[in-house]
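Naming follows writing order (A, B, C and D), and every chain is counted from residue 1.
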Amino acid sequence: MSLNTFGRLLRVTTWGESHGPNIGAVVDGCPPGIALGEADIQPWLDKRKPGQSRHTTQRRESDTVRILSGVFEGRTTGTPISLIIDNEDQRSKDYDEVARAYRPGHADYVYDAKYGLRDWRGGGRSSARETAMRVAAGAIARKVIGNIGIRAHLVELGGDRTTRFVAPHLETSALACADPEAEERWVALLDKARRAGSSLGAVVEVIASGVPAGWGAPVYAKIDADIAAAMMGINAAKGVEIGDGFAAARLTGEENADAMRPGPGDDGSGGGPDFDSNHAGGTAGGITTGQDLIARVAFKPTSSIRTPVDTITADGRATTIATTGRHDPCVGIRAVPVVEAMMALVLADQMLLHRAQCG
Amino acid sequence: MSLNTFGRLLRVTTWGESHGPNIGAVVDGCPPGIALGEADIQPWLDKRKPGQSRHTTQRRESDTVRILSGVFEGRTTGTPISLIIDNEDQRSKDYDEVARAYRPGHADYVYDAKYGLRDWRGGGRSSARETAMRVAAGAIARKVIGNIGIRAHLVELGGDRTTRFVAPHLETSALACADPEAEERWVALLDKARRAGSSLGAVVEVIASGVPAGWGAPVYAKIDADIAAAMMGINAAKGVEIGDGFAAARLTGEENADAMRPGPGDDGSGGGPDFDSNHAGGTAGGITTGQDLIARVAFKPTSSIRTPVDTITADGRATTIATTGRHDPCVGIRAVPVVEAMMALVLADQMLLHRAQCG
Amino acid sequence: MSLNTFGRLLRVTTWGESHGPNIGAVVDGCPPGIALGEADIQPWLDKRKPGQSRHTTQRRESDTVRILSGVFEGRTTGTPISLIIDNEDQRSKDYDEVARAYRPGHADYVYDAKYGLRDWRGGGRSSARETAMRVAAGAIARKVIGNIGIRAHLVELGGDRTTRFVAPHLETSALACADPEAEERWVALLDKARRAGSSLGAVVEVIASGVPAGWGAPVYAKIDADIAAAMMGINAAKGVEIGDGFAAARLTGEENADAMRPGPGDDGSGGGPDFDSNHAGGTAGGITTGQDLIARVAFKPTSSIRTPVDTITADGRATTIATTGRHDPCVGIRAVPVVEAMMALVLADQMLLHRAQCG
Amino acid sequence: MSLNTFGRLLRVTTWGESHGPNIGAVVDGCPPGIALGEADIQPWLDKRKPGQSRHTTQRRESDTVRILSGVFEGRTTGTPISLIIDNEDQRSKDYDEVARAYRPGHADYVYDAKYGLRDWRGGGRSSARETAMRVAAGAIARKVIGNIGIRAHLVELGGDRTTRFVAPHLETSALACADPEAEERWVALLDKARRAGSSLGAVVEVIASGVPAGWGAPVYAKIDADIAAAMMGINAAKGVEIGDGFAAARLTGEENADAMRPGPGDDGSGGGPDFDSNHAGGTAGGITTGQDLIARVAFKPTSSIRTPVDTITADGRATTIATTGRHDPCVGIRAVPVVEAMMALVLADQMLLHRAQCG
């Protein structure tokens, strides 16, 4: 992937900083003739929008997306789709401290090290605000891939894992949690962390259902590699696993084998064979098997905490810094729609790649 | 990344199948004037070579690399470097079963699903034999990045973790294990698995030391994303994490903060600030911090096991298959030099990207 | 180059249609720390702006550019630079005819053939309005390449060639013509064509001075190939030549040889050897020689003419069409700043590629 | 395009130098299931092979191609196709002079300027020997695009143009000339040039018939731009034009209009409308119209002449050089199959791009 472009054939280029006038994306390579309007995109943005509960940042952004090009009479034309969202609630004064000193765990120091200067207002380009455009582009990708369902949810927050999956609960959960009991515990954890000026990590699981067998490639364009890059490129992501992931390393070959039987059957494998299990998470040899495609992403606790931490100033002197701006106590929560969007972008790109090569 | 090409500026394109006449790679974009000969590449290949102990496949390959282009009077010319290795010890007859039926967990089924045909001899393109060319290309990447040390080792095998790091032990370990006691236990695990016709998973850790601060990019070309794609694209990889990785999701923001102090000090941060810790694994905001760059990769137990598993034939009938070819009981062992090579390729590519943009 | 992206390292992605709300570009990969404001871009846009004389279209656009991202406190940050220009003077009703029938020589038919639909308002994406964003991006590229002078001018209009080059005349010429006598003749040709509802072709020459020796590459990234793609991708371009171009095919090897002498001398070769001539146009083997880089681009007469031409309707019936919208009688005139911009973009991209590989 | 890779989806990476052990190409992204063997490639190489008449270089190369990967049981597998040709008749001693001094018009000087060193044996990477691999890859591209005919021929040699097209004559012409009278004159011109130790330029025309309407893209991936890059990237090319090209710049809008009538008719437009003419050369707005796709490429007279020319040594002193190696008196002749191959590669890549986006 290029610096600010994701994808090979469905290519998304995002731009914009946290405290600039707006943020945007250009989606190039979209197939023509797809029904598309702002109403197809806005609901996904609303899921990611800040300020929807006390558990996310209190920055107020309507995140209203406008389509500036590439759509004519309600259908995509095959030319670039330009998307824009205005920034509305910048408070750059919250960031005077950030101009002066580097926040540990943030991009402040490395931007100076790399570029020799940085836009410190709200974290500039390193702000998670950029992920709004991924969600917007992901909404288009969903239209491209059609009847593939993509659903992400939190399976772990602050080290506390879910133990069951109640689909209806997930629909209404403010924490993208499918386990009612876990959610109760997590609310308590989050309230405690917020009061303490601390933050918590989380693990997001994403499942794509209805992916046909055959998408991906044998070596460097493995769908596994694309998913890994897509997810690890989200702010605060520190780990990605597919199927059983790290747990697979503790199984034997027999335990890990996904035995096959003549299909099509009732396991959602899209007309291919039936599989007895899905340790692999829907991919073999870099190519989809037709089973559910499953990945998990670990998010660190945000570095924006009110507790003072030792650091240095931009001119190299010792100091401490505490983050006083408005921040999410657990960035993993709002990462859920971003993880879904990145999965949609990977799948749409691989769909087009597959269609190009294999017709 | 393209189908069979890795990298943007230092671009490696590999070709070849397990049982074809040879395998090869073209390394394009290499800076000129670098001293390079086969002797710079062969030692890394020898580390990966099969048949060096009873713990790896008994296929006998000398894996002798030849440079066919791009080097003149012992120095790179800036034009493509073509590398080739002859295949010597194919036994395609071992694979008659594979022609007939799909091995669960292997690429057999998905290749047919994608391409409508497959080279079943030794797994064709999906064989880990392709990784020899990554190791060869990685040897060139090491020359490009100069004094950066890259060292990988196993931290877990069959679910059993190392508890200490004894550098001299690692130098001679046949299992790339830095913990003498763990190695003893692992030998027993491997012997048991081999006798049982089973296989084991493993986790490989890789550390790059001496990486300057400032390599990487803020969004889709994050060095984290590149590492994730590079590692997840290795055969049998199911998970990647950077720094504390999945464990970071269980820390609080204070615990995870890598506090900074005026440097340069003695923490290897290359003239930048000192860091009190390295939970982040050497990267922040997608850009290197100057600390050690640390990643871990989970490898599943190979699906090539002697235990019969239910599967289907290429024409969709139920059958069972047992793998009788020569295989590694733990592919994680021979993945160690591959992980190192992929890290070298990521770093060399990002070094050139950084030099392009920032001079 | 990708569909709507130009460049490898300095990457320009443009978006927008003739009659949409705005047009824009995202410039990614720009080196950090470059002083940049709208005032650096606007003058180049003003050169291309329509409606400046009776010889160009009477569409009135202020073409005021705004920078939405990537610049902080007057300097580039290394992150994507988003540029936007509002469309102000659309008259879509002029295009009712175009909705109904295909204009020969235009993209109307092929867009329907390719995409199954088209935005017919003002030509949609195929309008030369897109070239405004190339000029804006080219202004940034000029800052990247520093002290390289790029100057284009018309050397032929309506089949009538210039015979001399008077630099001061070019500065004030409304026709980008450096030959005062030719300009007088061209004014008469243009007035006649406009009255006749006809249009004229032209040839633009571009010269880049101060390009160092060594930019480019031996094979597919030859600077010649990049220039050819850049120029042939401009609307209405039908031919590109470098140095003596097609005339070189009529010379002998001796006549065409650019003999070299020890330098540096006074031929502008930047410290390298002196050359007795520059038939090659500043490139050999795909790489710059340090001499002036010279290319010429042929532009067809625009297909937008008032004379009725036989054509078909979108549903395949015979009809005739005459273009009644506001159009340039000779698109070659306003192509001059576009040609300059594309040369700047090629050079900036190759400069970064060279710096990446050769330091 | 990358340094040594051509194409986006059908990607050809070539490697090798004139006097290395071999030259090769890796063709990635080829659709699976295409019947392919060496016998499909060799005939095209034989057309380009040197030493077939007294009008081309006397270097003797059998140019026997071998397929090393990507084909199984006579069909492409969708994985990289590695092609190799051994170099057989190097005479590096012919090049001692070249090691010492720079040949004007050759890449000698610029390679040193760029890379700081060069493989001077036979011109190294800058030798036209690389084009053999383009021809080999082009043979695969022809299989990908199926029933599209691609035919190139010389329309001008030494400034002398053909005036008629006799298809059967072209089939047997040693000069790729379709005009029997012109060929007689050209033989005399070539003999005279060879005796004089001189060289001649040429113009090659290429026609692709049967290309469907709709391939290409509106802006930077215009098929025109791809053709321009492909052709200008051939050794010794100095100009490219499409359709009427530079002559179109001398027409009026009415003269240049390609009027359309309801089709399908007998003009080869593949089921679309009939066109009264084809000034455009088969493309409008960057996209194919379904008419014949026509381009012309100007080749300079080779700089390898026996007449001494002033130059400098590698250490900057004045000298003269005469080329004594074996060379083509008119490189345009052997460029004919290369031009065809590049057209095939452009079309195959655009076909896959079109299929990806538009299904």
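Of note:
Here is the rule we go by: a contact is a pair of C-beta atoms (placed from the backbone, for glycine too) under 8 Å apart; a residue touches a chain by one contact, two chains touch by 3 or more.
Remember, predicted model here, so these are calculated numbers, not experimental data.
For chain pairs B-C and A-B, the one joined by more C-beta pairs in contact is A-B. With every chain reduced to the mean of its CA atoms, the largest distance from subunit B is reached by C. Per-chain CA centroids place subunit A at a distance of 39 Å from subunit C. Look at where the CA atoms of subunit B average out and do the same for subunit C: the two points lie 46 Å apart.
Distance between chain centres (mean CA atoms), subunit A to subunit B: 26 Å. In subunit D, 2-5, 14, 29, 32, 78-79, 111, 114-116, 125, 218, 353, 357-358 are the positions where the chain touches two or more neighbouring chains simultaneously.
Of all residues in subunit A, those touching subunit C in their complex are 2-5, 11, 13-17, 20-24, 26, 28-29, 32-33, 68-70, 72-73, 75, 77-82, 111, 114-119, 121, 124-125. Taken together, the subunit C residues at the contact with subunit D in this complex read 1-6, 8, 14, 102, 104-107, 109-111, 113-116, 125-126, 130, 156, 158-159, 193, 198-203, 213-222, 224-233, 235, 237-246, 248-262, 272-273, 275-276, 279-281, 283-290, 298-305, 307, 309-312, 316-318, 332, 353-354, 357-358.
Residues 9, 29-32, 78-79, 218, 352-353, 355-359 of subunit C are the ones that touch subunit B when the two sit in their complex.
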